[in-house]
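By letter and in written order, the chains are A, B, C and D; residue numbering begins at 1 in each of them.
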Amino acid sequence: MTKVIGSVVCTICGCLCDDLEVTVENNEIIKMKNGCAVCEAKMVHGYKSEERILKPHIRKNGKLVPVTIDEAIHEAAQILTDAKYPLLFGWTSSASETQHVGVELAEELGSALDNCCSVCHGPSVMATQEIGIPTATLGQIRHRADLIIYWACNPWSSHPRHVERYTAFTEGRFEKSEFKEYVQKLKAKASQKKVAAAIRRTQVRYQSPSRPKSALVEAPPQTLAKEGRKMVVFDVMKTMTAEVADYFVQVEPNRDYEIFGALRCLVNDQELDVDTVGGVPVDYLKEIADVMVNAEFGAIFFGLGLTQSIGRFRNVELAIALTRDLNRKTKFVVSPMRGHFNVTGANTVFAWQTGYPFALDFSQGYPQYNPGEFTAIDLLRRGDNDATLVISADPGAHFPKGALQNMLKYPLITINPDWNAISRLGDVVFPTQWCGIEQAGTAYRMDSVAITLKKVVEAPKGVPSDEEIVRRILEEVRVIKAKKTATDAADGNVSQEMVGSKKRRSKSIEKEMY
Amino acid sequence: MVEQKLSVTLITGRTIDQGVGKELGKGSSEYFDSVAVCFLDPVDIKKLGLKNGANVQVTSPYGSVVVKVKKYTHGTMSGMVFMPCGLWANVICGTDTDSIGMPTFRGFTVEVEPAPDKPVLTLDELLKQEFGK
Amino acid sequence: MITITPKRAFTVQIQATCINVDVFTGKTIQDIKNLPITEGKETITLNDAFNITENKTVETPNITLTGDFSKVKRIGQGMKTGEIVINGDVGMHTGEKLSGGKIIVNGNSGGWTGSEMKKGLIEVHGNSGDYTASPYRGTSTGMRGGLIIVYGNVGTDVGCYMQGGLIRINGSAGRYLGYHMLGGTIYVEKDCAIRVGACMTGGKIIINGTVELLMPTFTVDSIKPKVKIDATQTAQGPFYVFLGDIAERGTGKIFALKATNPTCSSYEKYL
Amino acid sequence: MTEILIKNGFVFDPINKIDCQKMDIAIKDGKIVKKVSESNAKIIDVSGLTVMAGGVDIHSHIAGSEVNLGRLIRPDDHVKDVVKKTALTRSGTGYSIPTTYVTGYRYSKMGYTTVMNPSMAAMKAKHAHEELNDIPLIDKASFTLLGDWWFALENIAKGDFKECARLVAWMIRSTRSYAIKIVNPGGLESWGFGRNVHSLDDEVPNFCLTPRDIIIGMAKVNTMLNMPHTIHLHTNNLGVPGNYKTTIDTMRALESVYQGDKPIGHITHIQFSSFAGDNWAHFKSGAEEIANYLNAHNHMTVDIGQITFADTTTMTADGPFEFALYELGGHNKWVNSDVETESSGGIIPFHFKRKNAVNAIQWSIGLELSLLIKDPWKWFMTTDHPNGGPFFHYPRVFAWLYSRKAREATLKNCNKKAQKKSLLPSIDREYTLYELAIVTRAGTAKALGLKNKGHLGIGADADVSIYNINPETTDIANTYKSVRKAFGNAVYTIKDGEIVVKDAEIVATPSGRTMWLDVQTKEPCRINDEMKRKFKEYWTIEFDNYPVTDHYIKVPEKISIKASV
């Protein structure tokens, strides 16, 4: 039986494109329309790959063996209650309903709670806490923006439909005409040959192929003078996005902060005492500042190039400060290019329950927040926690080695749909449904608009949703805690913590035994 | 002149192939092909006397990993090496966060040298080597 | 004097706000032993984790900590009077919101040492961590007064939003020294990493070593032969004097020693 | 369900004209009933205590995208006010924007049982409802921002009010909301390109209409739809010196729509719209003019938005106002958040200080209005939480109302210039508990059209608050401090017949209900292809994914109304 389901939401990146058309046959997705390459890889192929986990596993004698769900839940709850200071990490590829239960679990455990935001756009959130943020929903940019700046990000690769759905290649109410032609031109070229090759050829006109390292076009940037929407890219290297842009500025690595500073001065009509900033001549920056000030509505999108290079949240802070300054002259907005499809949701859900978006600690009975103190990487780097639960994330592939090594000294529980790197390393491994394919829920787009994810196919038999797993762990933790209190009360044992710590299973000892 | 080693700035980031590979599965060949690589400027590849697709060893203060080298064709990036996000890149990333939770993923100096005799490890081999699991 | 030593090595964080002269004052040794602290999620007593002894013959320092306290946080938080000496490394938030008294660390101290400090003295004989003397996230009122002396190096983001007082660093300083500074003085004996004084609107930063790279948003003002650190001390120059951060329309001053900063000579043409 | 009998309390129930009468209140199955049998019922003896219906807050930003962004940017605010987990209650933080659970607990401790969340961008409605689900102990409803919605603007410009009404009905249903909220009409659309409108007759760029058209049009639509509440209006020029003229213009404009029966419009946080003087240096109160107008006319209600002198977080959908506020200087954070085709928003942390002349005058304006408007059924007590101050400062505001002494004590510490300009020393009025019950529950419930709230008559929801105030023996004006304390710490709060607060401690945490209107138009709303096509053009969300589904409302209370179009 074949059915076609419309308005399906893609669960890859923060764009949350919700116009997918999915064809389902015999409880299997066989075809998809409108999605990008990454989306197709997941929704048509990836979700049903052989790498799927179908049963809970527990590591016994160094090997992962299948167990019942009840056993795995109990084992996980026991590990978490025995630990003095567990860390719950991940959450960003789960629906907000799951994240919601996650906060309750962390509160019950008195543990640390962090989401993937801390290794992607955590700094953006921190910058917001320092100076706020002038931003807008993506449609506002689509309707109004005549200047679009992508700074240190590469949507072509990381958010493939961002340009086409929300910015330069869309039709808005107040911004149209010019661009349709441009897109059609590109499409015509793309149909003849591969897109990449075609775009490259169209760009050759503007840039000489053998440029020096400072990497700036010698000719004045004629495309900046063009009518209609303009797209400018700032990056350390020329990416695919840079190739479709009207103007590309190559900056030296780790010098974005200085350039933002310089642009702020120029926007405020101040003179600089230097000739080049971050490898870019001040004269070029002046022209860019002019274009910014003369825009009707400008938008800056920034990516991990700012949050992961030196300066981190300070880079973002200055990007926001620049936007703020520009608002005195025209209208400007700035927005982070959030990665995982529901990382914004994790921030949102955590914030309404605790007041803080990530890097949380419940050890004092109330929420505490401090990136650098309670962020996953810092806790792991210092070896501050003694058990970890990872849910819907793959720190196995995305954490630096040193942090992982410390994580693996203690028991590790994982909740993921497939055998990704962290599942392979887990001690208690749960299978779970693919959120947005086999499980409905809510996700927040990068501009914090909530969108309902659809359930398109049934999950394999016996594979629970992550919400159910977390909820059951929470219930089991409460049962174990209640029992412990009861026994302690019966023994009249005052120093229950000491007993707990003796009972605590140290994995290193286990290892030696085997 | 062929050089033995090249000191370059490491940039990590997303590529569309890495995105596709990741969604197809971390154990898939697409993932391996798209992530266990590094991109260098053709000029730099020449400097090392290498061919596209040769094995190179990338070493940072935090670790060292063998990957395949590829030419970066979109524009000049001499003095930089680009690695797609993933386990191979993270083996050489540091845990220093400047106290804000974000580790050192990019923008630091690494050394790239030819490694014709060393194999590029698969995901499982790499996990075994680094974490013993 | 109360002496505290760890009973064992700690894995998880210990929050010990109670290690504070104000809290100990007027308590018997037994009371002190029963003060609650948290180890990870578990609430224990001071005695569970530490050996505590009293020496009634010695008055100052009031509290001596000996051993590895690097996982112990918030020692001397908000303290008003008295003296704590730590022989060993100490964890984060030491002397946070200090409003009097003295804390001496004979070792390294963690991040947020002397955060939002108002009065008093903190001396660190080793290195001090990131965000020393800087306020909590999202707060724009930093150190208001008092003195912090670090004999080693300091990490990044030291003296953010500083409004008064003096930070004296005898080693080198990390990035974003004196970020968004409004007043007060920071003195660095050795080198200083990039983005020193970014967004500062007041106060002064004196660098006796090399400045890695000055923000483009600073403009050269003059060359001065010497500069006052505080009422009693003066740094000998000559110094380049930079004004900024002009992006914030600030009037903060960075004094960079001429002898160690030849790269700044390009600014001389504007003088 | 348990039966409860509240015995021997002094009951204040203005809707039923009960003023300090010693009587019993019987509760059964969550409703007030005539009587219950004393043998079955749980008997609460409240001799010497004050009994009122549960408080009804007409305007308090407690949930939604804007509110949460405010929470997110203020770790410095949360760290001052932390709430520990208990066996029954969840942990959380305050201060100016408490987390969801803490919001519920604190409202309940003050004896409030119903709260209106007055500003919800339609596109972000799902978020608001997700948060509202997490606020326990109170009933709530949201108002959708519709004053700058492109569909509405286009139809009003065309003069097609019927079509506009049907669209609004569709929107109210799709966002599960309760009323029409209009914020700086025309101004938010202008702000899309960084501009604003400055009078009722400025043209809104690109749309060929004026703020006056929008206000009158929406008031007509509101009448056509038979909405229980009036339009909920945040005026143009809010926060600008001299804006009292715009406010009076706005009220005058609405006279034409008034049919002589019930009020036609509600101006919210009117304190921020009652400024006189040409600029900030000559800033003064326009309260007298506004109060005089309101005393002479019956077609409007207002709420105050009282300042309480707190380090708070201002937030409004009025993006251009927040930017103007930011430009005044002294703020370290500014958030702007535009919503495509609908609205905008802004947030600034703001510390209202006694020693600041403008802030102190604003404080005075709020109280002058409260005391000069003669009929308490025309105005309601709010702080526009968190804009004027957090909601848990309400008891302070009560004290200023019922005690001249309390006002004087605060005024004494205010800026000298402000003291000279204040009208307060010339006003003797002191509110009685009866009047206080009107401005905090009876009047608000009436203005909102909530028939089962705000009173203790038979059939009403069993939402009751009991305070430790003995009206017979207490001189509330003189002992204002203890009375203030009593209002902040209810002896009992009963929600739907369940005791949720006892002696200012939470003893049960039921979820409150979310009320929403199912506006039934005579002609079913035409979701035709034209509208679907426009949807794709106007929004970045698909038509099918736009409406809020039942999944997002934990305990719904659907209220069906019949529209006349």
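Everything that follows uses one rule, which is that a contact is a pair of C-beta atoms (placed from the backbone, for glycine too) under 8 Å apart; a residue touches a chain by one contact, two chains touch by 3 or more.
Note that the structure is a prediction, hence the values are computed from the model and not measured.
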{"item": "Pair with more cross-chain C-beta pairs in contact, given A-B and B-C", "value": "A-B"}
{"item": "Mean-CA-position distance for chain B and chain A (Å)", "value": "21"}
{"item": "CA centroid of chain B to CA centroid of chain C, Å", "value": "39"}
{"item": "Distance between the centres, which are taken as Cα means, of chain D and chain A, whole angstrom", "value": "36"}
{"item": "Residues of chain A engaged with two or more neighbouring chains", "value": "126, 129-130, 310, 362, 364, 369, 371-373"}
{"item": "Contacts with 2+ other chains: residues of chain B", "value": "98-99"}
{"item": "Where chain D touches two or more other chains, by residue", "value": "73-75, 79, 332-333"}
{"item": "Chains grouped in pairs wherever the two touch, ordered by label", "value": "A-B, A-C, A-D, B-C, C-D"}
{"item": "Contact footprint of chain C on chain D as seen in their complex", "value": "73-77, 79, 332-333"}
{"item": "Complex contact set, residues of chain A against chain B", "value": "12, 37-38, 41-42, 45-46, 49-51, 114, 118-119, 122-123, 126, 154, 156-158, 160, 200, 211, 213, 215, 236-240, 242-243, 248, 250, 253-254, 304-305, 307-310, 312-313, 358-359, 371-373, 375-378, 380-381, 394, 396-405, 408, 418-421, 424-425"}
{"item": "Chain A to chain C touching residues, read off their complex", "value": "83-85, 109-111, 126, 129-130, 257-258, 261-262, 264-265, 268, 270-274, 277, 310-311, 314, 318, 321, 325, 362-364, 369-373, 382-386, 495, 497-498, 500-501"}
{"item": "Residues of chain C touching chain A in the complex", "value": "11-13, 15, 38-44, 48, 71, 92, 111, 130-131, 136-138, 140, 175-176, 179, 194-195, 198-199, 213, 215-220, 245-247, 249, 266-267, 270"}
{"item": "Complex contacts: residues of chain B adjacent to chain A", "value": "9, 11-16, 18-28, 30, 62-63, 72, 74-80, 82, 85-87, 90-107, 123-124, 127, 130-131, 133"}
